[in-house]
Amino acid sequence: MKSLGIGLIGTGFMGKCHALAYRSARAVFGDVPEARLEVLCDVPGDKASAFADQFGFARATDDWMDLVADPKVDIVCITTPNKVHKEMALAALEAGKHVHLEKPMALTMEDARILLAAADKTGARTIVGYNYLHNPAIGHARKLIEDGAIGRIVHFRGMVDEDYQADPELAWTWRATKADAGLGTLGDLGCHLISLATALVGPVESLMAETRTVHETRPMGEGSDERRPVENEDIASALLTFENGVHGVISTSRSAWGRKSYIAFEVHGTEGMITFDQERMNELRLYQNRGPVSEQGFKTLLTGPAHPPYGQFVPAAGHQLGFNDLKIIEAHTFLKAIAEGREAVPSFKEALHFEAVIHAIAEAGETGRRVTLK
Amino acid sequence: MKSLGIGLIGTGFMGKCHALAYRSARAVFGDVPEARLEVLCDVPGDKASAFADQFGFARATDDWMDLVADPKVDIVCITTPNKVHKEMALAALEAGKHVHLEKPMALTMEDARILLAAADKTGARTIVGYNYLHNPAIGHARKLIEDGAIGRIVHFRGMVDEDYQADPELAWTWRATKADAGLGTLGDLGCHLISLATALVGPVESLMAETRTVHETRPMGEGSDERRPVENEDIASALLTFENGVHGVISTSRSAWGRKSYIAFEVHGTEGMITFDQERMNELRLYQNRGPVSEQGFKTLLTGPAHPPYGQFVPAAGHQLGFNDLKIIEAHTFLKAIAEGREAVPSFKEALHFEAVIHAIAEAGETGRRVTLK
Amino acid sequence: MKSLGIGLIGTGFMGKCHALAYRSARAVFGDVPEARLEVLCDVPGDKASAFADQFGFARATDDWMDLVADPKVDIVCITTPNKVHKEMALAALEAGKHVHLEKPMALTMEDARILLAAADKTGARTIVGYNYLHNPAIGHARKLIEDGAIGRIVHFRGMVDEDYQADPELAWTWRATKADAGLGTLGDLGCHLISLATALVGPVESLMAETRTVHETRPMGEGSDERRPVENEDIASALLTFENGVHGVISTSRSAWGRKSYIAFEVHGTEGMITFDQERMNELRLYQNRGPVSEQGFKTLLTGPAHPPYGQFVPAAGHQLGFNDLKIIEAHTFLKAIAEGREAVPSFKEALHFEAVIHAIAEAGETGRRVTLK
Amino acid sequence: MKSLGIGLIGTGFMGKCHALAYRSARAVFGDVPEARLEVLCDVPGDKASAFADQFGFARATDDWMDLVADPKVDIVCITTPNKVHKEMALAALEAGKHVHLEKPMALTMEDARILLAAADKTGARTIVGYNYLHNPAIGHARKLIEDGAIGRIVHFRGMVDEDYQADPELAWTWRATKADAGLGTLGDLGCHLISLATALVGPVESLMAETRTVHETRPMGEGSDERRPVENEDIASALLTFENGVHGVISTSRSAWGRKSYIAFEVHGTEGMITFDQERMNELRLYQNRGPVSEQGFKTLLTGPAHPPYGQFVPAAGHQLGFNDLKIIEAHTFLKAIAEGREAVPSFKEALHFEAVIHAIAEAGETGRRVTLK
């Protein structure tokens, strides 16, 4: 297998996560090309150099266009703030590179559609960083549903929360602006939940919603008297109608004290229920209306080799995968799709729907009216 | 203290629960009048007699009007099917009796308002069987909120589910009709959640909602080919705006496999969060953004004597109260209010709001429009 | 059915619990004689009178011998401090009364054997207050084991803890003395665990053990400079060999901060495992090595009508029984055994084994040698 | 920093885990030398070659002595079956290599002592694969204890279970022999628990124990009629006395259905309690007897950047580390110690105590007598 060169833009939370993932993907799975860590980009340049040295990239740059143009780079990983996603992804696609883009794709649906159109024009492959989809527990939930383990789906509930904006006195940042951040909790967290809802139940058709900015202003720095408005939502909830008629209800908050990575859902079926919570990401709970009533109950399934691709990491059940392992699976998914000449999932195409839903929620929240997708 | 005579109509789930509660209330608490079990009513009469013997009532009748007229009866407990609540409660009030009415008060808001007006005209006391309000864990949640333990409330989420209508082949009953049962899951379960939401956050101002009948028809008896339509909702979800501006989201299902008595909520505040689940009714979970970050986490409070009136039942923490104990607290609340010549809570007045909310949810679900209460 | 008269000695934690239980047993179950609350005894007499009024006893006395002699009393309930159990129980048996004795039976095995011999001589029935045995969850665990749901038992583990002696500065009381309290945590808590272990696995044959007094002295009152020694154990652990050869390991502490009613066990079998924790007394966890590996996991069974006699209390699963409900089941067990003219379980005979085990643990802890039970 | 060359013997469960760990350690932490993956050894040679290609080793060999002699190799990682640990480790030490040895060090204490003596003679560094020690949750538990968060330790309890030998009909393997495997569950699992107990409470002074072989024979292949004896223990339990006088009780089973990676402990202190379970390895539970009684409870701490070195992996709390991340921390610990010219922990010295304890348990189990260490 011909190895593939990686160019990574960004060295923060997701930047490091991508670097670690591409370092390990082939070692973990064995069935994909080696990922050569070619170029790392960040500003200023000495930061890029320092991280290139740490992460093991062959060279560093402070100019992302330089990275995009590098002939040794096959895959461009974009982990920069949301507002520059579009420009970078377009440039990478135009340069004929495969694009691994962090979510959300863009600040607006218009931009996201431009990205999809650009990808469709090239032969390049794309994948968007909806990493929670790659959890073996989620894969098993899908399999259970497809196998009819809980009968026909009749209801979906989901919540996704963190508390990074829970402190009322946290300083104002660009995250509070529509221009730079776009959506609030919907863009940061909500879209992850939609990716799971869609994977488990199907696409969303229409919705009603309510959105709230809990902390209406924030100080310009700790203890500052000057305060600026928070322009995007801290909390959003929506009543969903999926295309298959199933009713769902979801809620997201970035101001939920105590929630650190809470992505919880329930899938109600005519013969059982599946529940999950990302804060216990190695567990899936399954209820089935089978056998004697006295022995019916929610079963906690600890993921293991019976839930692929867990076994690629550890051959013994219950030993636990971690957050970074999900990105390794994502990187593997992308490398494999490229090697086999087919689309990865979720490509820009699937991601477009996830993001259409969060924008529809924002619109419904503002207008108070039901919004139908497409 | 002068003892009070009890007349109980109904011997089913709630009927027995009332009988046990009034038998024990004074023995548990000591500070209320003895409740004399005077008359038990059910049909047919021999059923009433058998249960009167078992429960310890002095006499039995198959005519509820006889019970209502009995001069030895001070309190009439009504635990019959919803559709006869109104007639019985009105008669009891007219006879000058205090009324302990099971929820929901009536099938329609119009009838509920008639009941409240009737109660207001007499000097009689009323209480409605929103028993979950009496859980010491709920009382402590209220106290924590009032004491500012989680700061200002910014969000509420709640779910209430059971699975007694989850089986698609369960036989059709009167519960499926609007004429006899009124609302579906909203009337059975949803109103309990509203009672808690109101207690913790305050009254609801307006809402949007979606309702679904998951199992559209049911067979006329097990294995029957004849099927009749289910007229009321199996699932309902709503986006609430409380009068104080807080946003809430709730959902209820009577078709949720595995849920047996799931009444779960989260109260999000600016300084912490409280969560609860009735299936673990002796636990309250509290997160506070206090102390070192490394030691912040959700704390599981096991109810005990520090959470009144738990200590009246058991002097040692963590030993667990049960479902029937909540009804003992409710009976005690009523006996005490009567003895002290003041209103009990929740009287018809508070209950009217709980029920206004579920009817508003049903209306919003049907019309697709925001419904404002009052 | 002829009613049975109750004479209750003691009005504390267990005294109130007995009073409530006998008030309700027939109302809950229907198939046993009414329990007439005849005489309540405590000192001083006005305390007895006040509680007799609250609990609903016909009369009060400050002389337990008067109670024992009362011809209207059929059952004597003894809930006094351990050191007077023997004298009272002997007198009651000699007076021809049935005896409901709180655990432990006596301070020493010699005394416990005297009690059993006395009971064997009369036609009277006995029961000892090992109330946790009556939990429907425990009954179901036994049934599962008997039905082979987890194969052959190969291992048992158990823990029983509270924290009422965890505070090092808690004042010294009679509980700290061998003369008045006998054993420490073994007598208060450990014997409950043994009752469950025996019910689930069988009788114990021999054991090794270690015991510790964690807080060697305690102040004579809060803040006092005078301190007295604690003579009995705060913590005890033992390695058990059951008669059927199964190996078990148990541990108990009355100084375990945070444990309020922790009675936890695991039964390991060749085909599965059962676990339980009294702090979540309505849940039983079951693992079976059946079906596809990908769907194996611990199932949480919420007790309900499928787990008798839960349904006598509430006809819907998951609604939760409480601590006091276990004593109602115990009272019912005793009333039924008396009515049917047979032994109740656990009578003095079964209780003798439970207590033999805790005394053997104490002995093994002192001598450092394996102790074999007769 | 001068890079360090890795020679890895073994490509199984632990072999892959080491390969992944050394690939990532510097990228994750940044403050240690790069680990060059130089030589991978396994038999047959083509297996070694295939894995060298997958894992990214520069070359492969089927002769471990060749690897040990390789001048480019600075660190020899030994992940082979236990019985060859001694020979390989001695050779590596003699060749002047640093040794990263999987646990247990050797089959017997005699051999383990020989290894320690050999290590002491060279300037080489050693580390033994007690990976659970490196969990940030465990590090935080130690810190809490050292900071007095739970007062003085008074009791320790621990359990470590898996179910890989729970099936009675699982085929016989070398794991069942004393000659090839040495101890049973004690060597596989028990020693991990001892590593944690020692880290949290201190060294063990003496103990009593009981050991059991639950499945006395096993078939020679699936469905075979021929059966061979299992020579080592499936279950072991012990009563520990730590050097500081604390009493502990532990139990381990490799035949515990449903347990996949259960390493659970409780540390009881005079002011609180800490509990942990490796199957939820990102959670630590803490109870403190502080503040109002009504708000005391077990707090679930989700590990995050406040619990180093979690933040090196993910900058946001609650996102979860996985099993393989613990080995990355272990590799980092070793690389850093080597770079700084000091001992790593746990070196052969600390590991010797862990293993002395499990051998003492085995001896106590066989003789029925208390065994004092050293």
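Couple of notes before you dig in:
Here the chain labels run A, B, C and D in written order, and each chain numbers its own residues starting at 1.
We adopt the following convention: a contact is a pair of C-beta atoms (placed from the backbone, for glycine too) under 8 Å apart; a residue touches a chain by one contact, two chains touch by 3 or more.
Quick caveat, the model's predicted, so the values are computed rather than measured.
The minimum number of touch steps linking chain B to chain D comes to 1.
Chain pairs A-D and A-C differ in how many C-beta pairs they share in contact, with the greater number at A-D.
Among the other chains, the CA centroid farthest from that of chain D is the one of B. Remark: chain A and chain D have CA centroids separated by 34 Å (rounded to whole angstrom).
The distance from the centre of chain A to the centre of chain B, each centre being the mean of the chain's C-alpha atoms, comes to 41 Å.
If you average the CA atoms of chain A and of chain C, the two centres end up 53 Å from each other. Multi-chain contact residues, meaning those touching two or more other chains, occur in chain B at positions 259, 296-298, 302, 304. Those residues of chain C lying in contact with chain D across their complex are 150, 154-155, 157, 159, 163, 166-168, 208-210, 212, 214-215, 234-235, 237-239, 241, 247, 249, 251, 253, 255-259, 266, 268-273, 287-289, 296-298, 368, 370. Taken in their complex, chain B has these residues touching chain C: 12-13, 16-17, 19-20, 23-24, 26-28, 30, 34, 54-56, 162, 164, 259-262, 278-282, 302, 304, 313-325.
Of all residues in chain B, those touching chain D in their complex are 140, 144, 149, 286, 292-302, 304, 306-307.
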